[in-house]
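What follows is a pair of complexes built around subunit A, which joins subunit B in one and subunit C in the other.
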Partner chain A sequence: MLGQAIADGVLTGAIIALGAIGVSFGLQILRFANFAHSELLTWGAYIALVVVAFAGPGTPTGPLSFGWQMMAAMAVAAVLTGLLAWVMDQLVFRRLRNQGAHPLSLVFAAFGAALVMRYVVVLIWGPGTHFYTRELQFAVEVLPGIRMLPDQIFVLALTLAVVVALHLFLTYSRTGMAMRAMAESPALAKVCGVNVEGVTRWTWILSGALAAVAGTFLGLSPQVHPEMGFSLLLSLFAAAILGGAGSLPGAVIGGLLVGLAENVSVLFVDPGYKGAMPFLLLLAVLFVRPQGLFGEKQ
Partner chain B sequence: MSVHKMLAALAGGVALTALLSVGGAGTAQAQGVACPVKIGGILPLTGSMAPITKKIAESAQLAVEHINAGGGVKGCPVQLVLRDDQGQPTVGVDAAKYLVEVERVPAITGTISSGVTGPIIASVTAPSRVVQISCCSTASAFTLDGRSQGYFFRTLPTSKTQAFATASEIAKRGLKKTAIIYVNTDFGIDMTRFVKEALPKLGGEITAEVAYNDNQPSYRAEVQRALAARPESLLLIGFPKDAVTIVREWLSLGGSPKIALNNSMRVKDFVDGVGARFLNEAFGMDNAQVQGPTVDAFNQAFLAKFGYDSQGPGVHTQYDAVMAIGLAMNIAKDLTGPSIKDAVRQIHAAGGATVGTGPDEFRKAVGLIREGKAIKYHGATGPLEFDANGDVTGPALVWKITNGEILVDYTISIEEMQALFKKVEG
Partner chain C sequence: MIGLVSYLVFFLCIVLILGVITLGLNLQWGSTGLFNAGIVGFYAIGAYTHAIVTAAPKAGMIANMGLPWIAGVVAAMAATALVAWIVGLATIRLRGDYLAVATFGIATTIQLLTHNLEPLTGGSHGFSGIPRPLFDVLGSPFAFNLFYLGLLACVVALVYWALERMVRSPWGRVLRAIREDETAAVALGKSATRFRLEAFVVGSTLMGLAGALYVSFIGFVSPFDFVPILTFQIWAMVIIGGSGNNRGALLGALVVWTIWAATGIAVTKFVPVAYAAQGGAVQVILIGLLLVLALLFRPRGLIGEAAQVSRHAEKG
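Coming up: the complex of A and B.
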């Protein structure tokens, strides 16, 4: 049972981690809590849905429930959602930033943007639920006592690949280095000649793209609906804060811990209280390390 | 004029229209009873419930007319003193206090919202030992947690009817080991409790009870926990959107396709969401429409009186709530709360002569009661028999899914449900 709970926790955690990376970047580089981030997950899932609607989920490849079309849909969704995030910044947050708005104003603007984005989804696609594929997969025993769906193993592997690629990007590319510099100290980065607008733009695009991948994964298990991102919002923030704002490994570990806290706790407490467990963990961590597990002391 | 006074005036007006004289008995003293006999009524005449209350109040008024035209209570005409609760607990409790302390009514009918009915039971009717019969409040705790001390009854079936029908169907299909996954709301908790009460007595076993909260991205943890004891079947109590996720994850993780579902899943969205081909062994329960001559008679009387049909929530159950009070008052040895409370249980006595709806049937009932004979009331909701807790049952239906079509498998009549209740509750 414990092995299965850990496997389930890692799977849920992987999706939360992908979403939490964007939240974490937002907290540290853009310096505000972007509550509209969860809607980017929803939008990513719906954009992929449109592609799938035209191309079809494809003939199942091997044990997976979808074909290459689904992968293409995810790529298109990542690009378009990245652009959408950037457009959102241009329309809403840039203006506020340039006028020196209070960080709290940005937070409330994010709430407003989130509502608008969610209801535009309802307006276009309706309030109902959609599915990428009608196929139903059956779990396979990967280790004794641990059953997983092939799709889930794929999601896990792809998440790992994305995180490694992102780590390399942040460590070795110029933009990645500039992003880390901004995260450390925006003022110092500016003095050193970092293009603040450029870094901001890349942060939004990357956050949006990662959110789209997370949203598509979320939609694969198993449905796409307008509140799908919103219902994950608190988990995303818990993961980002738990790991420490601005830290890539922090967001990933934070996401995994949130997923594990939810799934493993079910073995010991009533599942009705599952949703509270990540936050108890969050409180416990913050009491010991207020800056989060991987966060830097300011 | 304060709002309260205005409402009192409004309620007084309604009471006057409900008062009909019975053959000059208006001022007479009969059997030591002061005429007219007052019955309290509490309904949300204003507020968000007002649109559905109109017909319900009319139905109560019709019942009072039928009682009066059929001989009244112990020779006296009946007067319904109706007060507004505005759908608010404080106003409702105030109204109940007025009825009990000022009008001195021994019985009250009301109200709609469980949130108002609960405080009235706890702070007025139970402590004052006044009978209360509701048309519409479903919260199961009222009749189970002892707060009513037996003074509260209701004429609409609660989730218990559906839960017992579910347990019966699971047992009938020979499924010995069942896991329950239920939504963590009053509805889900109630249903689970009732199934748990019934299933072991009908030959089934519950291997796990797992609560779930709505709007989660995944329910793998809950499903794994339900699957741990390797059950033969799943009973899923919840709402369609999350149920789609749960059923798909259940099947993916190797759960049995023999799945029992509650009435909320009797929708196409659910079947399409899960995939019709995975649901050919699934089945579900729902409440069924009552039919019968006494129901038709009520419908016709309502149409003739008001000029529109009696369709709508609470209309039939409200008529029976008032009729039950009228019959019980005739049976009771005196018009005190405790006597009426005991008499409510005798309106549907085993071996009694069947009486139905309308003035003539009421007159027949009064005659039988005077002769000391037992009666068996069949009302606007069919045979009306309160169980040990003050609840009634209703007919249910079993539905199945065949190639994506939701079909009624068969219906369980109210008599069969009553037999099932007796089997479970002893």
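Coming up: the complex of A and C.
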């Protein structure tokens, strides 16, 4: 039982981690809590759904329930959602920044933008659920007593690859270094010649792309619906803050912890309270370490 | 004709109840700069406390007390104040946007509690049989609504008067000083945490009061009365009306609820039943757009904060 709950927790945690990276970047590089981030997950999932509707999920490859078309759909969704995030910044947040608005005005605006984005999804695709593929899958026993779907193992592996690639990007590329510099201190980064607008743009695009990947994974297990991102909102923020805003390993570990807390708690308390777990975990951590597990004291 | 009048009375009652919440939020956000994303949670605590305290004992409900209306109102405010105080102690020191996350989490947790604590709240079936004050004496629903409108008008006037006194008092000036420049306020010896906590508790208590007023008006409550969208609507009201101005907060409640109700009627009239969800979506998109557009193009709102409030400054 516990083993299975841990396995499920790691899987949920991986998806949360991918979304939480964007939230974490938002908190530290863009300097506000972007509550519209969860809607980027939803949009990513729906864009992939459109591609799949045209190309089909493909013939199942090996034990997986989909073919290469699904991967192509995810790539298209990542690019378009990245652009969508950037457009959102241009339309709303950049204007507010330039007006010198109160930092919390951006948070209000993010909630407003989230409402619009979430319900435009309902308007276009309707309130119901959709599936990428109707293929049936059988769980395989990966360890004694722990069963996972082949799709889920694939999702875990791909998440790991994405996180490693992101880590290399942040460590060695010029843009990545500039992003880290902005996270440390926007003013200092600016005087050192960092192109603030450029870094902001890349942060949005990257966050959107990662959100789309997370959204598609969420849609694979197992359905796509308008509230899918919003229902993860608290988990995403809990993960990002728990790990320490601005820290990539922090966001990943935060995501895993939140995923584990949600799934393992079900063994001990009424499953009806599963949704409160990320929040309770967050409160506990903030109480002891206000800067998060891996955050640095300001 | 009587149908229209009776609708108007009902509509105004709802606006006044929402007005109590917007006044509470205006103290938190408008005067103090606190970001409360869990309005709906405090509203729910007030509503359920009032329901439990006033409803007559019934099989299956373990805590019903059957006490008078006023006891329910006082208990609702006390319970909300207590929860807000505990929540505030844990979260008020956090940076502004973390407070938003924390309060949002509290609202989510409270909604889960209303769903799951079935013997206390009736769960997702809802809580019925909440007495409406003087309903039997007045005889008809219309007379009751009219009476309740008068009662609400008195409550709102009282709350408005009290808040106006408070924000113009030295206490209110400290709140604005903390909002504008925390470091300076702290350097002058004011405890930012204490004043923030006080404003948070008072504002949340008003949200609890509004919850009590709502359930004793409708006579029924269920977790579906407390969906997150209500929090966003209240924000839209305060921001569109003019944050930092109590009259603005009330005007915002009227304007935004009028838009919401009017689009709701339009949707039921003109949108085929099969597309009801899409019609509802248009309603919500409108609220989101209003919020964003107000922030972009009229951050002051319809009637914004007055430039100065000290009567001594006017003389100089």
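Please note the rule applied: the second predicted complex is superposed on the first by the 298 of 298 C-alpha atoms of A that agree within 3 Å, B and C clash if a C-alpha of one lies under 4 Å from a C-alpha of the other, contacts with A are read in each partner's own complex, and residues count from 1 in each chain.
Heads up, the rule we're going with is that a residue touches a chain if its C-beta (ideal position, glycine included) is under 8 Å from a C-beta of that chain, and two chains touch if they have at least 3 such contacts.
Computed from a prediction, not measured in an experiment: that's the story for all the values here.
Asks: After the overlay on subunit A, what do you see for subunit B versus subunit C, clash or fit?
Replies: Clash.
Asks: Per the contact definition in the header, classify A:275: touching subunit B only (first), subunit C only (second), both, or neither.
Replies: both
Asks: Answer with first, second, both or neither: which of subunit B and subunit C does A:111 touch in the superposed model?
Replies: Only subunit C is touched by A:111; subunit B is not.
Asks: More residues of subunit A are touched by which chain, subunit B or subunit C?
Replies: Greater contact footprint in residues on subunit A: C.
Asks: Check the residue A:237 against both partner chains and state whether it touches subunit B (first), subunit C (second), both, or neither.
Replies: Only subunit C is touched by A:237; subunit B is not.
Asks: Which holds for A:78: it touches subunit B only (first), subunit C only (second), both, or neither?
Replies: neither
Asks: So, A:122: does it touch subunit B (first), subunit C (second), both, or neither?
Replies: second
Asks: Quick one: classify A:182 as touching subunit B (first), subunit C (second), both or neither.
Replies: Neither partner.
Asks: I'd like to know which partner A:134 touches here: subunit B for first, subunit C for second, both or neither.
Replies: Touch status of A:134: first partner only.
Asks: Looking at A:149 after the superposition, I want to know if it touches subunit B, subunit C, both of them or none. Which is it: first, second, both, neither?
Replies: So A:149 only meets subunit B here.
Asks: Could you point to the stretch of subunit C, among 127-135, 235-243 or 271-279, that collides with subunit B in the superposition?
Replies: 127-135
Asks: Where on subunit A do the contacts with subunit B and the contacts with subunit C coincide?
Replies: 270, 272, 275
Asks: Tell me, which parts of subunit A touch subunit B in their complex?
Replies: Where subunit A meets subunit B, its residues are 1, 4-5, 8, 11-12, 15, 128-129, 131, 134, 136-139, 147, 149, 218, 221-223, 225, 227-228, 231-232, 262-263, 266-267, 270-272, 274-275.
Asks: Taking the touch rule as given, give the residues of subunit B at its contact with subunit A in the complex, in rising order.
Replies: For this pair, the touching residues of subunit B are 184, 210-213, 215-218, 220-222, 224-225, 228, 241, 244-245, 248-249, 251-254, 269, 273, 275, 278.
Asks: Touching subunit A in the complex: which residues of subunit C?
Replies: That would be residues 33, 35, 37, 90-91, 93-94, 96-98, 100-102, 104-106, 108-109, 112, 115-116, 229, 232, 235-236, 239, 277-278, 280-282, 284-285, 287-292, 295-296, 299 of subunit C.
Asks: Can you list the residues on subunit A that touch subunit C in the complex?
Replies: Those residues of subunit A that touch subunit C are 27, 32-33, 35, 92, 95-96, 99, 101-105, 107-109, 111-116, 118-120, 122-123, 126-127, 233-234, 237-238, 241, 270, 272-273, 275-276, 278-280, 282-283, 286-287, 290.
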